[in-house]
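Below: the structure, in structure tokens.
To keep things simple, chains are lettered A, B, C and D as they appear, and every chain counts its residues starting from 1.
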Amino acid sequence: MSAQATGPARGRKLITGVIGADTHIVGSRILSMALEEAGFEIVALGAITPAEDFVKAAIETAADGIMVSSLYGQGELDCRGFRDLFIEAGLEDMLIYVGGNLVVGKQDWTDVERRFLEMGFDRAFPPNTRADQVIEVLNADFAVRSAGRRIAE
Amino acid sequence: MSAQATGPARGRKLITGVIGADTHIVGSRILSMALEEAGFEIVALGAITPAEDFVKAAIETAADGIMVSSLYGQGELDCRGFRDLFIEAGLEDMLIYVGGNLVVGKQDWTDVERRFLEMGFDRAFPPNTRADQVIEVLNADFAVRSAGRRIAE
Amino acid sequence: MSDAAPAETTRLPFSAARIPDDVFAAMRRENLARWPTGAEVDLDEAVDFHKSLPAHKNLSAVMRKADAEGRCLTQPRGGFGTLELQLELMRALDRDGLADIVPTTTDSYTRNEQWERAEAGIAESEKAGRSMLNGFPLVFYGPRTARRLIEAVDKPAIVLSGTSMPRLTGEVGFAAGFSGYLGSGLAYTTSYTKTLSIEDGIRNYQYLDRLTALYRERGVELHRRQPGFLTGTNIPPCIAIVTAIVDALLAAGQGVRNYGLELAQTLHLVQDAAAIRACRELVQEYLTKAGYADAFTPVTSLHWMGAWPYDDAQAAALVAYGGTLAAVGGAISVTTKSTHEAYGIPTPEANAEALRTTRMAIYLARRIRIDDMPEFRREKELIGREVRPIVDRVLEMGDGDVAVGTIRACEAGVLDIPWSPNRQMKSRVLPARDADGYLRILQPGDMPFPKDVLEYHEERLRERAARDGVAFGRELAVSSVYEMSETLEKLIPAG
Amino acid sequence: MSDAAPAETTRLPFSAARIPDDVFAAMRRENLARWPTGAEVDLDEAVDFHKSLPAHKNLSAVMRKADAEGRCLTQPRGGFGTLELQLELMRALDRDGLADIVPTTTDSYTRNEQWERAEAGIAESEKAGRSMLNGFPLVFYGPRTARRLIEAVDKPAIVLSGTSMPRLTGEVGFAAGFSGYLGSGLAYTTSYTKTLSIEDGIRNYQYLDRLTALYRERGVELHRRQPGFLTGTNIPPCIAIVTAIVDALLAAGQGVRNYGLELAQTLHLVQDAAAIRACRELVQEYLTKAGYADAFTPVTSLHWMGAWPYDDAQAAALVAYGGTLAAVGGAISVTTKSTHEAYGIPTPEANAEALRTTRMAIYLARRIRIDDMPEFRREKELIGREVRPIVDRVLEMGDGDVAVGTIRACEAGVLDIPWSPNRQMKSRVLPARDADGYLRILQPGDMPFPKDVLEYHEERLRERAARDGVAFGRELAVSSVYEMSETLEKLIPAG
């Protein structure tokens, strides 16, 4: 049986969606399905979602975390200032992940990860990430959040 | 029509053969056929030919050049001292080529070539050498030999 | 961002009918005014330029020649964010990749008509010293500058712009000298958009097809092409072919007569060969019935369009097999991917290498055809029995008008595609792979497949569920999405 | 250098008869005394060791299991000049290449029983820090040390030693724990030696086969294998199968019952599939006729054995297609090459990558079989009509003794192979590729192929000569040797 939400992660509300002009919906949809089955509550914004729509949905639904997908390579442009939008909306502590094929071309992952962490994402996930891995990290991060830390080591 | 022996190269006698414990006969045989058609006289020693047999054949037939093949990788061991055998036999000026897959593994060609030239071969030829190229070089080398030089630039 | 749909003044009642000359002239004026480079489009000059090109730089002629000679041409994808990078890329694909057809893939902002963002992306790319865009901003550069791409390479060039908004990109591309354009109203709107209506998507492509016909009236035959791959995610041949027929009828209605059909590989030797044959025959059947017996509809086979393995060595097998499948299936061309596919847009080198691997695979396929195999015949016949009921129903629903029928059929789920991002599609149809590696229909949604056909699909899929020890249900579809991206350890465990 | 042929005292009259126990015991004593490590061979200990291995490390069992499950296993080649390098290589092939069977290729001095030279080669390799030998000097290291190779990897291991002098290598290999050994008297003597007589080559392999039977008598089943690839240079299936039948009969005569048959790929989907089926059937037919109905004879397909392309990307297509051909043809295992083939012995990495590409190609081949194709049936039937007249004539010439018949047939050219380095072979038979990519017989030499068969081959080859605009003659054979190593520009010129 696949990974499940545990402890403080159980029942958390997550927004999923594909940012920018990106139409790659399959990964986000499968991820949403898996997270739902694992015990999270999912609000799926689908493909081609402007950055602002994530913030709007987070406010409207009082979400606990954001799962941004970007596959088509232009995520490096689309994701700039994403954290700022949440800060402006007073949601500076929102847990924000990004995953997919984040940049154009086959680039060194540690370098890509650094760029996205610098942009303010709590975590960035490389290609070939499976839902089970994401669930485990979510469990860990929600666990330390009750202890006041931002993300688990 | 394929390349032909020209000028001083016409009618020259060449020994062909595969050195050492090497059984790869196809390249040497096709080369022999092509050289013969081009107007050289060929003495083919075939596969698995000890170094000494090349010298013996050269003396017996009063050959003008030696075409050593080595494909199986151990040419680097088999070819050591090859020139010395000719020097000992008083044939220090013999034109000696070597060609094939001369070393074990895919190595940098300029490096391999240097090693074989240092061993005393007049020329070394990389994998993917065709008979036409060899004939052109033979023409050039036999041409400069009448002028007393060893090989053409 | 500019308006996606045409302005009201030129908005005709929606139908499959040919756009009248005067209306089309007005539509073009409006369209070309949407971005400065539109003013550079000069039809007369463009027609003269196309006529000045040798036949081997005209994609229509090249496809016809390949068809006549029984060849399978190679074509990569490829687009970078600046003119310099794009020139270099196209030259590499030509010189090192021996591509028979050279591509210009547009970036995703251009596809969505966000030309200012594309402009910013060029600047960012120049600053970063690498492409920050996933394609070439064709509209921003405009036809005059883009013509340098055509002049740089002595091969036919095609615009690849996965979009439902091709009106300006099409004008610019054709005016620049591209002789091919990939895209269609039904296929791309259902798979590349979230909120655009199918109607508007079709209207946009009616414009492009009408433009193609305009060139034709002026004596220039351009190659239009339908992207039957849709979401690229386990699309069974029948669904691809249904969309191919609908889009082909729509294009023919505007006067297009050189219309390529793309089919994503299922990666099954028999299913792909059957699909390639069935596609061309069924499209011809419906075009002929509709009075367009004179259309040329060559089939292009596409390297695997779903998720790729993360191991280059594994990916190399998909690249090579992609050439084998296209050639054995009798496709007129194959569109390639590379060993970098799972990670990102390939470097020119990786792209060129994949072209060469594919070309060698095509050579190795010799003249082999498997049309005599009973299994091939069974599959081909099956595809016919899947496709005709759907298409017939679509035509019926439109009371003879395929455009109208298409909208109604999409609304009703009669026309449906798997994994669609578009909110107007039901996207209830769900495919999965059976135990023999064929793509089958797991859930038909509301598509009117015959009962016996569905029973057959279910039986085959139940066999797989039993073999894999999983429940018969959605999990079969999800694992089929991942399948090709799995490690070899998982695909073939050690004995 | 040691003597290649057995000493006179144990030299029996030449025949296919089983070597009597006492004579064989004497032969073994003589043989093991030829090099110090021979003394390490202890049959009882070796038998115990083999019995202690799990079934998945016994190649016989692994081949039988794969056959039962319809799998196609992968096996690379690989040998380096020192124990350290060889250990590292075998681990890499196992771990990174997922090889189902791990190899130890011996170096060419060992193959020619020049063990002192092999010893020098080890020293040179250590000095140079890279392998100066083209394989592992198995006899020099001896069974005790070589066992470390067996212990290092949890897979069955096979000795690959292209030689006509396998007696000591075989003793050492089996005693070390290798459960497979590739090589045979007719095939290797005709393709790996210049002056050794066919008789002595057969005698040497009768020793090895008798040794295999000795293990069998002790309850250990080892896998012997025939290298039907011969000179690897455009060997048509019929010639490979003729040698397979002869060598299989010789091995069965000594008591071997687990005998693999290798077939070099022709790189033609239909011809290879037909060859794989025909090979197993025809070998079984003759074994059964000779009273050995209980022999297991799985077929192994070999990646292209002729000259490879000098471009890695092109070579990748041959690697992948090699997996496809083996799997679709129903081979029980495939022996791989790599993208480095045209240049030199591959690095462990390149070797492992090719294994993975091949494995993925096997996966992609699913359960596809083409046995129903009329073209397949025609080819398979043709192979039968080519093989039987030759084999029947060989048996006739030996007055019932296949060993004697083989020698006489080689002398008469009834048995012949193309491009042989061996001076006793006529090597007048010459193959070439026809216009459809099939390997055909251009010149039969003195091989008694039926007239109608030869007419068919000639007709097909004349078609190619006409297409290529070359004379019908030797040039067809020579260009067929080069074909796969040509550049893509030459193989498929731009449209």
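One rule holds in what follows: a contact is a pair of C-beta atoms (placed from the backbone, for glycine too) under 8 Å apart; a residue touches a chain by one contact, two chains touch by 3 or more.
Predicted model only: the values in this text are computed from it and were never measured.
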Q. In this assembly, which chains make contact with chain A and also with chain B?
A. none
Q. Approximately how many whole Å separate the CA-defined centres of chain B and chain D?
A. 31
Q: Quick one: report the Å distance separating chain B from chain C, using the average Cα coordinate of each chain.
A: 55
Q. Given which chains touch which, is the overall layout a line, a ring, a star, complete, or other?
A. line
(Q) What's the complete list of touching chain pairs for this entry? (A) A-C, B-D, C-D
Q. Touching chain D in the complex: which residues of chain B?
A. 18, 20-23, 25-26, 29-30, 33, 46-49, 72-74, 76-77, 101, 103-107, 127-128
Q | Residue numbers on chain D that touch chain C, as the complex places them | A | 56, 62, 65-66, 69, 71, 73, 98, 100, 155, 267-270, 309, 311-314, 316-321, 323-324, 328, 352-368, 370, 372-375, 436-437, 488-489, 491-492, 494-495
Q | Partner chain B, residues of chain D touching it in the complex | A | 81, 107-109, 111-112, 114, 117, 120-121, 124, 130-134, 162, 191-195, 231, 233, 307, 310, 340, 342-347, 350, 419-421, 423, 478, 481, 485
